[in-house]
Structures are given as C-alpha cells and as structure tokens.
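One chain, chain A, links the two complexes that follow: it is found with chain B in the first and with chain C in the second.
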Partner chain A sequence: MKKIAITLYILFLLSVTVFAEQQVKYFQVDKVKTIRGEIIDIKTEKSYHKSDFIVIYLKVKEKTGEEIYRVEVSPEWFFAMDLMKGGKVEVTGSYCTVDGQNSMMTQSITFQGEKYEFRDKYGFPLWRGKGKYMKQGNRGQGKRKRRGRH
Partner chain B sequence: MKLKSKKRILFFLIIPFLLILVSIFYLNKFNKNQIKSKFQEVTFAEGITIQNLMEISGFHLAEEGEESLKAFLDRLYTNESIVYIGLFKGDQLVYLLSDFEGYFPVTRDQEEFRILDTPAGKIFEITSQFEGNPDIRYRLHIGFDYEFLTAFESAASRNFLIVAGLFSLVVLFIMVLIIYFDRKFFQKELELVEEKQEKERFKELSLLTSEIAHEIKNPLNSIYLSFNTLEKYCTKDKDALFYRDAIKGEIKRISAILQDYSDLSKDIRPEIKDLDIKDFIDEFRLIMEEEFKSRDIDFRMEKQGKEIVRTDKNLLKQILLNLIKNALEADATEITVHIAAIEKRFTVEINDNGKGIDEKIKPSIFKPYISSKTKGMGLGLHITRRLVQALNGEIELVSHTPGNTVFRVTLG
Partner chain C sequence: MRKNKRKLLILTICLLVGHMSRHPGDLTARELNFGVSYYGSYNDNIFMNASKVKDYISQLQADLSVSLKRFNFYLDASTDIFIDNPEFNSFNIEPGIEYLHPLKGRNALYLDFSYTILNYKDLYTDFNTSGPLIQAGIKLYTSPRTLLKAGARFQSRNYANFESFDFSNYNAFIEFNHFLKSQTNLRLQTGFNYRYYPHILASYDFGDNYNYYNNRGSNGKGKGPGQHRPPGQNPRYNTMSVPNFYGLLGINQGIGTRLGINGELELRANLRDFDHASAETLIKNAYILYPLNDDYLWNGARLTLQLKMVLFNRLAVSVEGRVSYFNKNYPGIFIMDEQGNPVEPAVERNDSLLLYMLKISKKIGKLELFTDFFYRHNDSNDDYFFYKMLTISAGIGYYF
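Take a look at the complex of A and B:
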C-alpha cells in the first residue's frame, strides 16, 4: 500500500513537471483578467531574449486566500511609472503560470487613478511596432542581440 | 468671349488632363495589384517548399526527441526574416520564439499559409504538421517578415506620386503654352471675325439710316427755306431774334447729323495727287479763321520736312475738320496742328487743351456711337477713322488727359 502511494506520488510529481515544461508564456487573449493588489516588491529580471524587464510582485486577496502574483510589465527603458512598495494597483493582463507561479503579462496598470498601457488588446507590446506604437524604440530594435530561448 | 475661352480650356485641357490622371491612377493600381499577386504566388510557392522541408525535418527530429527539435528551431530562428516560431504539441503551445516579447498571433484555424496584418506589419505564416513518436501530433507556425510588400506598396505609391507630379507639371506647362498661343493667335483671329461681322452689321444699319436721312433732308430743306422767307417778316424784337437764331442753329445741327449718317454708307474713293503742304495750311487757316475768331480759339498750324506730299487734299481737310470739331466739342481753347513729312513718313498731329477723353471709353473711341460728350451722335471719330483708312493710314489716340489730348494720323 505504501509502495503504491509512493509510486502514485512520483507519478504525480512527474506529471506536474511535464505539465510545467509544456507551459509556454505568451499573451493569450482569452485569458485576460484584472487583479487588484498591493505591491510587495519591484524587481528587474531577465526575460524575453535576456532583456531587463520590470517585474512587480503583488499580494492579491482572493476567495481562497492571499495569492502572490508575478506581474511582468515592460522593458526597463519603457517603464515610466513612479511605483513604490505598498502601493495599490490594478493590473489587466493575460494570466499564465510560470513554474507553477501565478503570472500576468501586463496590458495596462492603473495607479492612483491613472492608466498606463503596455500592450494592445492582442498583446502586442507598445514598446515595439510602428506609427502610434512608436515610443523610444521601434520594431526590430536590437532584434538580433536579443535572440535566445525564453 | 471670356466665357467661351474658359469653356474651351475646361473641355479641351482640364477635363482630358483629369481623365489622363485618373487613368494613370487606375493603371498604377492595377499594376500594383498584379505585382502584389505575383509576389504572393511566388511566396506561397516558396512556402510550400519550406512546409515540405519542415514536415520531413520535423518528423525526423521529433523521432530523435523534443529537445533536438527545439534546438533546430533555435537555429532556424537566427534567420533574419523569421519573426516568430511557435510549436504546438496537440493543442498545447510547447515552444515559442518571438521578436515581440510574448506576442504570438495564434489562431485556431489550420490554414497552411496566411498573410497576417499585425501591428508590427505584414507577416507571412507557414503552418507545417508532422507526427512525432509515439503518435504525437506537432504543429509548427513560422512567421516571416512580409513588410517588404508594404515597403513595395509605399515605393509604388511614391513613384506614382512622382510620375503624377511630373506629368502634372508637364501638362500645366503645355496648358500655359496653349493658353498663351491661343490668346496670341486664335483669339486675335476671333476678334477679327467679330470685327468683320460688326462692320457688316454697321454697314447694313448705315444704309438704313442714310436712307432715312435722305428722306428727312428734303422736308428739312423746305423748312429752312420757308423759315428764311418767314425771317423777312420778323420784327426786331429781341426775344424773336433769339428764337430765330435758336431755330436756325437747331436746323443746322439736324442737317449736320443727317450729313454724318449719309456719309456712313458712302464709299470713299480718294484722289491722290501732289499736295503743297504750305498752300494747304494757308487755305485751311483761311477757312477756319472766322470760326476760331468768333470762338476766341488760339489756333496754330506748323509744318516740318518736305513741301510736297501725295495725298487726297479733300479727305485730309475733312480729317482735320473732324478732329478740330472734336476738340471744340471738348471745350478746347488752344489747338495746334503739326504736319510732318519726313522721308516716307507723313504724320499729322492734333493737340488740344480740352477736357480730354474718359479712360473707360478709350479702347472703343473709334467705334460708332461712342462719345463722352452730350452733343453729337458719336460718329465723328468713327468717320475720321474711315477716312484715314481710305488713305491707307492709321489714327491713334496718343494722349487723352485733360489739357493735353493728342491724335496722331499717319498716312502711307
């Protein structure tokens, strides 16, 4: 019985690992949701193509209790919000799990009544692109340098 | 005349120009679509090749294991023209490489080739499907940068604008040239035709008026003769004498007007003979002496150059009389006639200090019934021009300002 239980536990772990491997982070329109919470940390992390991304850790109250969300915002150079730990924000984005952790790919952040946009409704990053999307960078900026698996 | 000219420009220049411009526009559009469609054909043909290669390679790599497949996709992604690669295992996306940080235009449709319009521009996507081991179905989406098509379209539009701009400039230049030559030659011809028509109309009118004048002349003569007879019985009463003179004056005026109308229809046949200018001046002074004395006019006649010229003495006299009459009607007090016969050029200039000629009627001063004066029918200068033309000459108004009116007659 104990052996069966151990075997089942190993199988469960394996299945979780396989599932986790199959999880690929990308903006899914049908998984867009809005969360509200308190900022517990703001970090710069290497993300797509090893570029420095602003990542916010949010404490969100849910029915099941408090959850921590990893909110991926934008490259550092594009980010121009004056956020601080303890600040209350509303984040709209595409939900996904990265290594089992709740994650959001940010579409917009509302802070102190002001809304900051980072991606369009299809998830296209506003720091890229052309025309109205053009900000500091443009499409293909540093494209070759940022190649790599994510 | 102006309206006709505007319509001509509209129908023969502007409308054809616009039609050509519209034709170029549609031709360019058609051409652009043709090339675009050819581009797509070629791209799709290449797409089939890439798809086949991916299906074969994918199958073998999947057999080796998913990591080998991903490593191959990593290498593939280094290609400049690829903007994303997405690998599905069943319905699950298991690997993504994207230029756009998490953006992947994934759809549920299984089309093999798609041209996507994304915020990043056009993307040509090829979807390949293959089976791995054991019985795992993979779907591979490769997105190629298709922006060159947009660039091509922009270049085509830019080229069209350049061509259309150059074409417009050339057409505008041609239009300006046509309008210039039209005004210079065609319009002049039209004016001549119109002048001819006007002359014919005037000739018909003159014939009619001269007939009427002739009919009036006879009863008017009878009135004049009867009045002369009646004059003998007239008292020396001041008022009666005033009315007598007034009636005689008006009869003379009617007679002069009738004479003008009779002259209009007459053919002028000049008799060219040698004319001694000095004799002519003396004779003319003698004729006009009384008239000028009674009106207190300072009249001078000067001559310059040759003594003898060949012309019609009576017509020349009539021309001078008409122009002097014109000056007197303009209240001139000083009149100077300058006759010059130098080499082949024979000119007569009449200068007076009258009130001048209105600027508005200056261009049509020699046309019949044109006058700024209250007296007369406006035929004097018209008849004068006819007389001058009969002598193969020209008459022009050199100055028309008050105090200095100058007519110059140049005879051939």
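Take a look at the complex of A and C:
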C-alpha cells in the first residue's frame, strides 16, 4: 500500500513537471537567454489569447547540433521589421519548451545593427501601456520626429 | 482646389468612422500612452546660409496617444525656444489618426492622417502655417525573400499671413526589396514628387524694396516685410509647379547581427524648370530656398553611406553614423549678387552638400538618452548659400 502511494506520488510529481513544461506560455525572467540563428520561416499564428502573432522559426547552431526554435514575437500589427527568409538575427527572450519544441518569447531582436524591442526587462509587452514611440511598430512611419535644424 | 482638399478630408474621416462602426472590436484594446522629451542643441548657423547666426535651441516635446487596436489617435506638441533669437521661437501641434490593416501573411495596409499647426512669434508670423498630411502605404511579400512596397503622400500647407507661400506636395513611390543569402538587401525605388504653389500673388507692395539678398549684411535671416495686397484691387495669382522624378538604389549589408552598412544612390530630375518670374516673390523672401524646404525642388544626385551598430546588446547602446553627398541643381533659379540682382550672364544655382551625422542613443527602462552631431558643408556658386553648419545636441525622453 505504501509502495503504491509512493509510486502514485512520484507519478503525480512527474506529471506536474511535464505538464508545467508543456504549458509554459508566460515570460519567465530567470529563463532569459540570447540565441543567434538564421530565419527559416516567418508565419502568422494564433497565440494563446487567440490573436494573430508573428512567429519566426529559427535555425540555431548549438554544441549538440542544429536546433529549430519557435520564436513568438508580437501581434502582427506591432511588428514592423522587414525580415525575410535567410536573415541572421539575434533574439533575446524567455526560453521554454512546448511539446518538446524549443520556444522563445521575444524581448528583443537585433538585425543588421538595429535592435527592436518587444518586451521590457520584466517581460511586459511593449504593445500594451507603453509610450507609442517605444514601440517598434510605429505604424510604419513613426511620429517621433524632432524638428531639428540639420 | 481647396474644395477638393476639404472633400478628401471629409471622405477620409467618413471612411474611418464607417470602418469603426462596422468593427466595434477595434475599440476594445484601448491603451493610453504619454511621453515627454527635452532636446537641447547648439547650432552655429541656424538659417543655413552665409549669415552664420548661431544659437542655443531647446525643444520641449509632449506626445499623447490612444491606441484602439487598429487605430492610433495621437497628439504631438512641441516648442522651439531660441536663446539669442527669441523672435524665432515657435510652437507646433499635430493631431492625427493612424490606421493599420493587416492583410494575409505579413502584408499590411497603412493610413495616416494628421494636421499640423506651426506658429512663430513676432517677426516671423509670415511663416505661420497649417495644413493636413495624408499618407497611405502598402507592403506585400511576393515571396519569402521579396517585398514590394508602394505609397502615396499628400501634404498641404496654408500660410494665412503670406498666401504666396501656400504649397502642396504630392509623392507616390513603388519599392522592390530582395534579400540575398549573403545578408544583402537590394532595394530599388522609383517615385514622383510634385510641388505646387497655388497662390503666388502677381503684384506686391514691398514697401522699402526689401529682399533678403540686400538684407544679408545685417542678419541675413531673409525675412520679408509681409504680403500687402494693393488696396481696392482683387488679387491676381500666378501658379507654379515643379514635377520631379526620382530613382533610388539601396544596398543594406548585414555583418553579423549587430552591424549594418547601407549604401544609397538617388538620382532626381525636374521635368519642368522654375518659372523665375513667378518664383521671384518666393525667392525674395528666401522661402523656397530654405535648405529644409527644397526636398521636392532639386535636380541631381545623392550618395549616402550609413552605418548602424548595436554596441552592447544588453545595454542597448545604438550608434548610427551617416555621410551624404548631394549634387543639387535648381533649374530656373539663377544666382544673384550681393544686392540681390541677377548675375549676367545668367547662371543657374548649383550646390554640393556634404552632410555628416553621428547619433548615439541608449534606453534605460522608460528613459531614453540621446546625443547627435551634425555637420553640413554646402558649397554653392551663389555666395549666399556657401556655408558650414555644426549642430551638437543632447536630449532625454521619458515614456510613461
């Protein structure tokens, strides 16, 4: 009886761990890391809250070989980068695995000398409640213009 | 012309309101954003001409916006404060609406409508202006490595105190981008610019025969006495337009992820010269010759080399450097002597401009720090436009 109870308890703990790993869909500050890789695809996919998100599939060279990362970036209306297949990018974000797939929730993307930010250091999305000008989207044109005399 | 503009504005607003009423979901994701910034600069030639008038300029800016998912309503306000030339202080306010419509894939349609009001103090009230700006753009990915963009822009400026300055800008362009495995983005753009002056008064009372050329000895600011219609007469207007066609080749090369080098070559051709007789009023008041207002008017070439760099990814220090060379020709505008008389034989104005820029910015949470350095060296066959200008600026912005 005791053995059965211990076995069930261990199974419960394992299931919780596996379940938690599969369900991680929030930004974890302690899991932030930076990866560099080549874009193999860019798609618009339904996110966990059913809005259309830009998702980049990235080929990353690691010590163990090549890995594919699913990089969830932002709602499509906020995404103004002209990224294309084959582009090499640096992504900083919160890492997790979902159904065994390497996944990142993006904090920033650096491409050709420009850094685009999508979340603050706590993982709070910049498309909510931030100054418009901090947004990368800027709706295509950007309003932050200084009427300088240059 | 003005009736047509009004109709266009009313139609745009009706379309936006109509869309919002059909898509109430767009009104749900409401976000209020607010930011303020201060930008201080030293400029050793604020009028960009031989006068070499220097000043310290403070610019205060406040921006408010409300995002309703696809719509963004914004209100930007700024003021320029000059220490040594306070008569040139100005206040600018710009309300506007942006709309982004995502299409299939990553394609998108963008619309922007804004209205600018710019007011100067005292002597410069002739330059007070207001008017709408309408922009539309579309981007279409035709393959995973190919992007097509197209856009149109209409801008109208109404000068209530000097209607001869009234103008409209029209621009339409199409752009082709192709990304190569070598991390090279090839960009080809071609477009059409059109500058139209609808209300150049045919006859003026210039009082003391003022023109900015013969005033260059004092401060060279090129300020006219204002526009005075002859009493009891109906004004007669001339119009003037400058159609301008351009082509642009751009190459962006990524080196790693934190360094990007861009090169751009642009060629422009005016399809019609200035009508010098009609332009005389504007030239006398230096208005169309102001270097920041000639974007739709010159003929020639521009070569730009730009470098963008992220120095420390975590610290987010961004560095941008740019060098541009312009060879500008102004068809129909002839060089003048010290007294403002045309030089014989007539020679068209031709400028060679070298522009250097360095910009460093850094974000610390909600705070943004930035510093800029600009240097312009304009070599012109008209002595009045032979000048150098240095600007050193620093600023701070906070976005709530």
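Just so it is clear, the second predicted complex is superposed on the first by the 107 of 150 C-alpha atoms of A that agree within 3 Å, B and C clash if a C-alpha of one lies under 4 Å from a C-alpha of the other, contacts with A are read in each partner's own complex, and residues count from 1 in each chain.
The criterion applied here is as follows: a contact is a pair of C-beta atoms (placed from the backbone, for glycine too) under 8 Å apart; a residue touches a chain by one contact, two chains touch by 3 or more.
The structure presented is a predicted model; accordingly, all values stated were derived computationally and were not measured.
Engineer: After the superposition on A, what does A:Met105 contact: first (chain B), second (chain C), both or neither?
Structural biologist: first
Engineer: Could you look at A:Asp120 and tell me whether it touches chain B, chain C, both or neither (first, second, both, neither)?
Structural biologist: It touches chain B and chain C both.
Engineer: Now for A:Phe27: first (chain B), second (chain C), both, or neither, which partner does it touch?
Structural biologist: First partner only, chain B.
Engineer: Looking at A:Phe79 after the superposition, I want to know if it touches chain B, chain C, both of them or none. Which is it: first, second, both, neither?
Structural biologist: In the superposition, A:Phe79 contacts chain C only.
Engineer: For the three-chain arrangement built by superposition, which of chain B and chain C touches the greater number of chain A residues?
Structural biologist: C
Engineer: State whether A:Arg128 touches chain B only (first), chain C only (second), both chains, or neither.
Structural biologist: Touch status of A:Arg128: both partners.
Engineer: Taking the superposition on A as described, I'd like to know which of chain B and chain C A:Arg36 touches: first, second, both or neither.
Structural biologist: second
Engineer: Just which bits of chain A does chain B share with chain C as contact spots?
Structural biologist: Shared contact residues on chain A: 120, 128-130, 133, 139-140, 143-144, 147, 149-150.
Engineer: For the complex, give me every residue of chain A touching chain B.
Structural biologist: By the definition above, chain A touches chain B via 21-22, 24-27, 47-49, 51, 72, 75, 94, 105, 119-120, 122-125, 128-130, 133, 139-140, 143-144, 147, 149-150.
Engineer: Which residues of chain B touch chain A in their complex?
Structural biologist: Interface residues on the chain B side: 70, 74, 77-78, 80, 86, 89, 92-106, 118-121.
Engineer: Per the contact definition, I'd like the list of chain A residues that touch chain C in the complex.
Structural biologist: 34, 36, 41-42, 44, 52, 54, 76-77, 79, 82, 84-90, 92, 108, 110-115, 117, 120-121, 128-134, 137, 139-141, 143-144, 146-150
Engineer: Applying the document's contact rule, which stretches of chain C touch chain A when the two form their complex?
Structural biologist: Interface residues on the chain C side: 31-35, 39, 41, 43, 46, 48, 57, 59, 61, 63, 65, 67, 69-70, 72, 74, 76, 78, 80, 92, 94, 96, 98, 100, 102, 105-106, 108, 110, 112, 135, 137, 139, 141, 144-147, 177, 179-181, 183, 185, 252-254, 256-261, 292, 307-310, 313, 316, 318, 355, 357, 363, 365-366, 368, 372, 374, 376, 389, 391, 393, 395, 397, 399-400.
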